[in-house]
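Two complexes are shown next, each including chain A; its partner changes from chain B in the first to chain C in the second.
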Partner chain A sequence: MGSLLSKRFVAFREKEKSYFKSQASLTFVNEAIKTILIIVLCFVAVVTIISVASKDPISALKAFFFGPFTDTYSIEQISEEALPLIFTGVAVCIMNKAGQCNMFVEGGFFLGAFLSAWLAPELAGWPSALIPLICIVTSALASGLIGYLPAKMKSSLHISEFVTSLMFNYIVFWVVMFLLHDFASDPDVANKTKYLESFMKLPVLDEDTGFSIAIFVAIVVAVLGWVFIGKTVWGYRLRMTGDNEEFARYSGINTGRVIVSSQVIGAVIAGIGGAGLMLGGSRYYRFEWSSLPNYGFDGFVIAIMANNNPILSIFASFFLGYLRVGASKMSVLSDVPDQVVYIIQALIIIFFGAKLAIRFVKRRKQKASKKEVTP
Partner chain B sequence: MGAEMKEIVRLERITKVYPNGIIANDGLNLALNEGEIHAIAGENGAGKSTVMKILYGAEMPTSGEIFLDGKKVKISSPKVADSYGIGMVFQHFMLVNQFRVYENVFFGIEKRNRIGCLDRKWMITETKNLCQKYGMEIDPLAITGNLSVGMRQKVEILKVLARKARIIILDEPTAVLTPQETEVLFRQLRSLRGDGKTIVVITHRLKEIKELCDRVTILRNGKNCGVYDVNSISESEISKLMIGNSLSAPALKRPLSKGQTAISVQNLFVKGRGGKPAVDHVSFSASDGEILCLAGIEGNGQREIVKSLVGLGRRYEGEVSILGQNIKGFSVSSIRKLGISYVPEDRLKTGTDPLASIYDNIITPIVDKESFAGFLKRKKLMKRAEADIVSFGIKGTPKQKISMLSGGNMQKVIIARELGGTPKIVIAEQPTRGVDIGAMRFIHKKLLEMRDRGCCIILISADLSEVFALADRILVIHDGSIAAEIKDPSTTNEEQIGRYMLGIGEAEAAS
Partner chain C sequence: MNFFSFFFSENFLIQSIAYAIPLIFAALAALISNKAGILSINIEGSMSVAAVVGALVSHFSNSWIAGLLAGCLASIAMMMILAFASSTLKTDPFLTGIALNTMASGLAVLCLSLCTGNKGSSAEYPSVLVPNLHIPFVSDLPVIGKAFFGQNYLFYLGLVSLLIVWLVLEKTKLGASIKGAGFNALAERSVGISVTKTRYFALAFAGLFAGLGGCYLSMASLSFFSTGMVAGRGFIGIAAEAMGADNPFLSVLFAYIFGAVDYFAVGAQTVLSVPYELLNTLPYAMTIVALVIYSLVHFSREKKKALGGLKA
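Up next is the complex of A and B:
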């Protein structure tokens, strides 16, 4: 029987290998086409809305689509918009791959931003290379520590991390507000942290625009995230747990540890993101948010668009950044308000969600038909 | 069986291609006569369930036509099939366990009275009438979940009869029955045939085809390989047609040469639901080089015994030692490190990661070893996956998604993963369920090979022919304790074991 098998298969495998290779690339092309189609659909929707909303739609559309490329300032703005999204997107990607639905990306980001903005001016005497580094590490640690709490509750007590993390967002928010008001605020200016001199922030590459290395830090984090998920033992365990927790457990994977560590890693990345936002670029000089900025939730949009792939998250973030800059250009140069970008974002979520829903229904149907055929 | 058989159903050129490219049915022609018991035979994956599901309206054919009483019909849903008098009893029962029998029987076709409320009295009386008419003894008011598997199957048949079915399709009906219950079912089916019903039985069990059926249609790879009168064809001929070439003889079992005790279970006690213990002070041991089979109807405690052996059920009393070590409190991974491999019962739910590739699924146990500083040694792992695919005859490439494989191939991936290393102990739960004969023979051969090399194998199986082919010793589990220990399987037969499994028959002293 053994020789029969090997004879059969040697002949078979040549045909099979090429067939399955083409199948694999077919799926990739399939996915790519679907994504492009969705983007095209969004653009069509945008054009329609703007044509209706504006008295001069053509110049509005020109400003929206081409505006972001017209000057270096706008191009730099795209990367500024993309920056927080990459961090939160990657954080969500990792947690999604582990099957965890943790919303603390928002709170972790917020906390990271606050701590960096508070700490950096206090370290004024220190060597300027160290200041951003210490702030990032502090933000990462703090965010990770607090992110550990809902994670541990999930793994030990089976309490939904979705609910607890949402609540922690608010806890963190109000604690930060309290600290900001009573301790961290600039004595001369109310409810804002002290001014961040340029030596406290991340090194800047272009004096005119304030383009800093923060975006490269983000890209490195994204690449590390991708390597972690795909190429390490721990990433493998994470994926197995996310796909089928029971199977992971039966294989001897410590799923409790995976659940906790994936969420802590996500929180840490979110914290670094907050620090990176404050300390990078020309936009922020003080921490003055009085409400949650929603970067964490945007991370979920990015993860959906990027299919939970950290590398694709980079592209998704830049794309979303481009849309936002386009919208703001449009609001300046035409009569269309920049809130239009929220409509576009909503459409993106709906369309990508529809794609997921179709996939989900398809998979359910397949599973059902499989169940009967293979008892 | 009259000489003049009227054709009642004809399926012409039925083709079914699934979206992932699998061709389940390939231009099938099938004809059923009125008042016969017709077997649809074939290996798992031959397309038997698919074509019957098409007849039942649960699947739509890619092309082909169905004729009922000579007239072309379109069966677009089970409801439509019902109206044509076609009913199907699935292998996984579709019953609501919390409902009473009559509620399940009339599920979806409930009788309402004039004001629109449920007419329970009518339904209960009707159920009683049906039972009387067809010679079944079921209390319409019984809670379905409390009935035995054989009884629940009867409720499924009642469901079909209540919908006035003329054609009753049964999908692998004996897979979940003991020999005794099978006898009862056969009697029932024969009496239904006497009433003029047409019975279709999907099966791969040759003995049953011979014993019960009038004609047999043999399917292979989605194609029809012939219709035969059961009287005019032998079991080996049927099997040949099912597989396509002569199957090699089943692997010979070498005489037992036991080694040291590998597993020792003393007074194992596992709490069950509702006060009754799931495992009631069970003690047994298993040695290197022997295959010990735990036989029993599902739900009598085998699961819990296995769970405590493997580390998934940590709450137990008593002592479980593996290779001399008491494993109380050990985690799954530490028990696995001792040298245990585990083939779980449920392929999709617990045995694989259905979203991942074959590669991802095969490398699970060696991921730790083949890594450097936390990074996966991809080349080595890929090589290992390819080697396993070849040596276990898996039809696929490493990067392929495992969900695209047939059930038999999926099982081979799991077997390759668990048996590929050199485990000292293998615990296999229903390892060949839903697997085609070729793969089944292969898996049996592998298990016997490992046994000859000194591996200790604990086999949990409901397939008594598999039990007799592999087991050196059999422990029959009933109600959480050992109903019988058979030290030499050649001294007993399937009927006797069936009786132990049901809790009747003289039990030998538990070990």
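Up next is the complex of A and C:
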């Protein structure tokens, strides 16, 4: 009798498993269709905006859509645009998963870029394999150190990390400007750091265009981020805190520590990203930014498109990189300025946000209708 | 000129008020949207759109009233996108706000380059300035004359807005329903008030204030729009509102203090031998310090309350 029951139980479990699997694949297909629909909607919006803004919309659209694929240089350009976005996207994914709204990714990225560009020429006598490594580690540590401040204020004083991290961005910006003008600038070129020789930068794969291994570093960071969130105990604690902080605390998780560590990890990744762009980007030979580069906010766009999944954020970054290269091609070849791409980004966020909401509302409606059926 | 004569001068009083005007409007915008339960962080973006639209329209129509109206309408339109996305499409207002800020920075430069062909500033197309108040005799009084009776029109509009916000929130039905939407939206819905409609109203007000603050920057403080001229003032307004703990008068007071620090960073460059880059960090550092102090005081008060409860 017992064996029969257990057999039936096993059969039931199998049925249940296959049911959930089919459900999962169904939702995956559903999600994919919706995502494609959103992208199509965005493209419709793009076509409309460009048609309004341009006198010769057809050539502008052509440059926008097909420009990025005309030669290998443009294709490498896409990966170059994607490089900073992957880092900031992964950083935002990790903080979002922990339920934290920290904006310091912007400042950390800026700080990392500056420190690495300042430090690398000073280390000129060192072995060339060590220089980028030391620079990246220094940038990561510095960024993490400052990222610790808003995190600690959140966890022990309950001050919204959103406002404080924004303020830290501006403070970091002005302090970097001070250091750049008074200490770090090249004696021959005002307000720029010293020239970065090729042996100070990350190894290059394509000599002609300066395409370097930085993009692979970014992909490794994204994969590590995915493993951290999805496959480790720390990641589990982090997700639990993000889903329901009260519940996490009552089940014995030190949520304060999770809040601090998630924001510090995000800041560290942002610092690595800044250094990676400075030392691995083909267009960067000096640090010469005179305003915040906005990559931190772009990280939020990536995280929303990727649904806070670091692996998907790689694809999202390449997509956004494609849009940006297209926009810059278009601004060269036609009369449409490349700021159009920011409007497209905003539409993407709003549409994706609406997608999440629609799913949520549907689920609630289903639940409600079920309740009505059962007395 | 030494430091003390700089700090205790008539000019400091005048300029600190002038620097506080955009922050006062930003704080009011943050206040009314916060009361309705939507933290609208796109005040920053709305301000920059209003600044560019106000500057350009005032130049081409040759009238500051038209510029002000157009700037406010543009800002309200930006806020309406937030209202539509968050109330009707049910997106997360925080993320939508970030999106709208990004969109605003693109939109501002797009408008600028389409109208003037320049992506940096509209200096070649100077905007018509909003005039300063001048009452004969009263404005010429020593010390307080120019500081309180000779400011820009927008300063007085700001004070009137403060009173209106307070009156609306405390004395009218609309204010009660705005506060209800923020306090408990479900309860409000259950008594038959449309939360969505209320939030649309509140965000329209927030857009109006953000627009006035933005227009002040490009139509009174300077005579042109330049990219990045808002420079976090919207966010500082949100911080001032947080410090003021949802009280309109306290929020405006903190906005004034932040404005004074803002002017201090600019004005002290001539009297202090500190690099201007480091002085520029002051408004932001001060915001953080103020938030920390506020939180510490708040905590000790809460503790005392808890202890008092135990004794009783």
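The definition used in the following text is that the second predicted complex is superposed on the first by the 341 of 375 C-alpha atoms of A that agree within 3 Å, B and C clash if a C-alpha of one lies under 4 Å from a C-alpha of the other, contacts with A are read in each partner's own complex, and residues count from 1 in each chain.
Definition applied: a residue touches a chain if its C-beta (ideal position, glycine included) is under 8 Å from a C-beta of that chain, and two chains touch if they have at least 3 such contacts.
Not measured: the values here are computed from a predicted model.
*Asks:* Using the superposition on chain A described above, determine whether A:F297 touches chain B (first), chain C (second), both, or neither.
*Replies:* A:F297 contacts chain C only, not chain B.
*Asks:* Once the structures are superposed on A, label A:Q339 by its partner contacts, choosing first (chain B), second (chain C), both or neither.
*Replies:* second
*Asks:* Of the partners chain B and chain C, which touch A:A53 in the superposed model: first, second, both, neither?
*Replies:* second
*Asks:* Pick one for A:V189: touches chain B only (first), chain C only (second), both, or neither.
*Replies:* The answer is neither, since A:V189 touches no partner chain.
*Asks:* In the overlay, answer first, second, both or neither for which of chain B and chain C A:V29 touches.
*Replies:* Neither chain B nor chain C is touched by A:V29.
*Asks:* Where on chain A do the contacts from chain B and from chain C line up?
*Replies:* Common to the two interfaces on chain A: nothing.
*Asks:* Could you pull out which chain A residues touch chain C in their complex?
*Replies:* Its residues touching chain C are 53, 101, 153, 157-160, 162-164, 166-168, 170-171, 174-175, 177-178, 181-182, 291, 294, 297-298, 300-301, 304, 337, 339-343, 345-350, 353-354, 356-358, 360-361.
*Asks:* Under the touch definition given earlier, write down the residues of chain A that touch chain B in their complex.
*Replies:* Going by the criterion above, the answer is residues 1, 5-6, 9, 12-13, 16-17, 20-21, 23-24, 231-234, 236-237, 239-240, 243-244, 246-254, 362, 366-367, 369-375.
*Asks:* Along chain C, where are the residues that touch chain A in the complex?
*Replies:* Of all residues in chain C, those touching chain A are 41, 81, 85, 89-92, 94-96, 98-103, 105-107, 109-110, 113-114, 119, 228, 231-232, 235, 238-239, 242, 275, 277-278, 280-281, 284-285, 287-288, 291-292, 295-296, 299.
*Asks:* Along chain B, where are the residues that touch chain A in the complex?
*Replies:* Residues 18-21, 24, 44-45, 49-50, 53, 58-59, 90-92, 171-172, 175, 248, 310, 312, 331-333, 335-336, 342, 344, 347-356, 360, 363-365, 367-368, 371, 374-376, 378, 390, 393, 395-397, 399-400, 403, 406-408, 410, 433-434, 441-442, 445.
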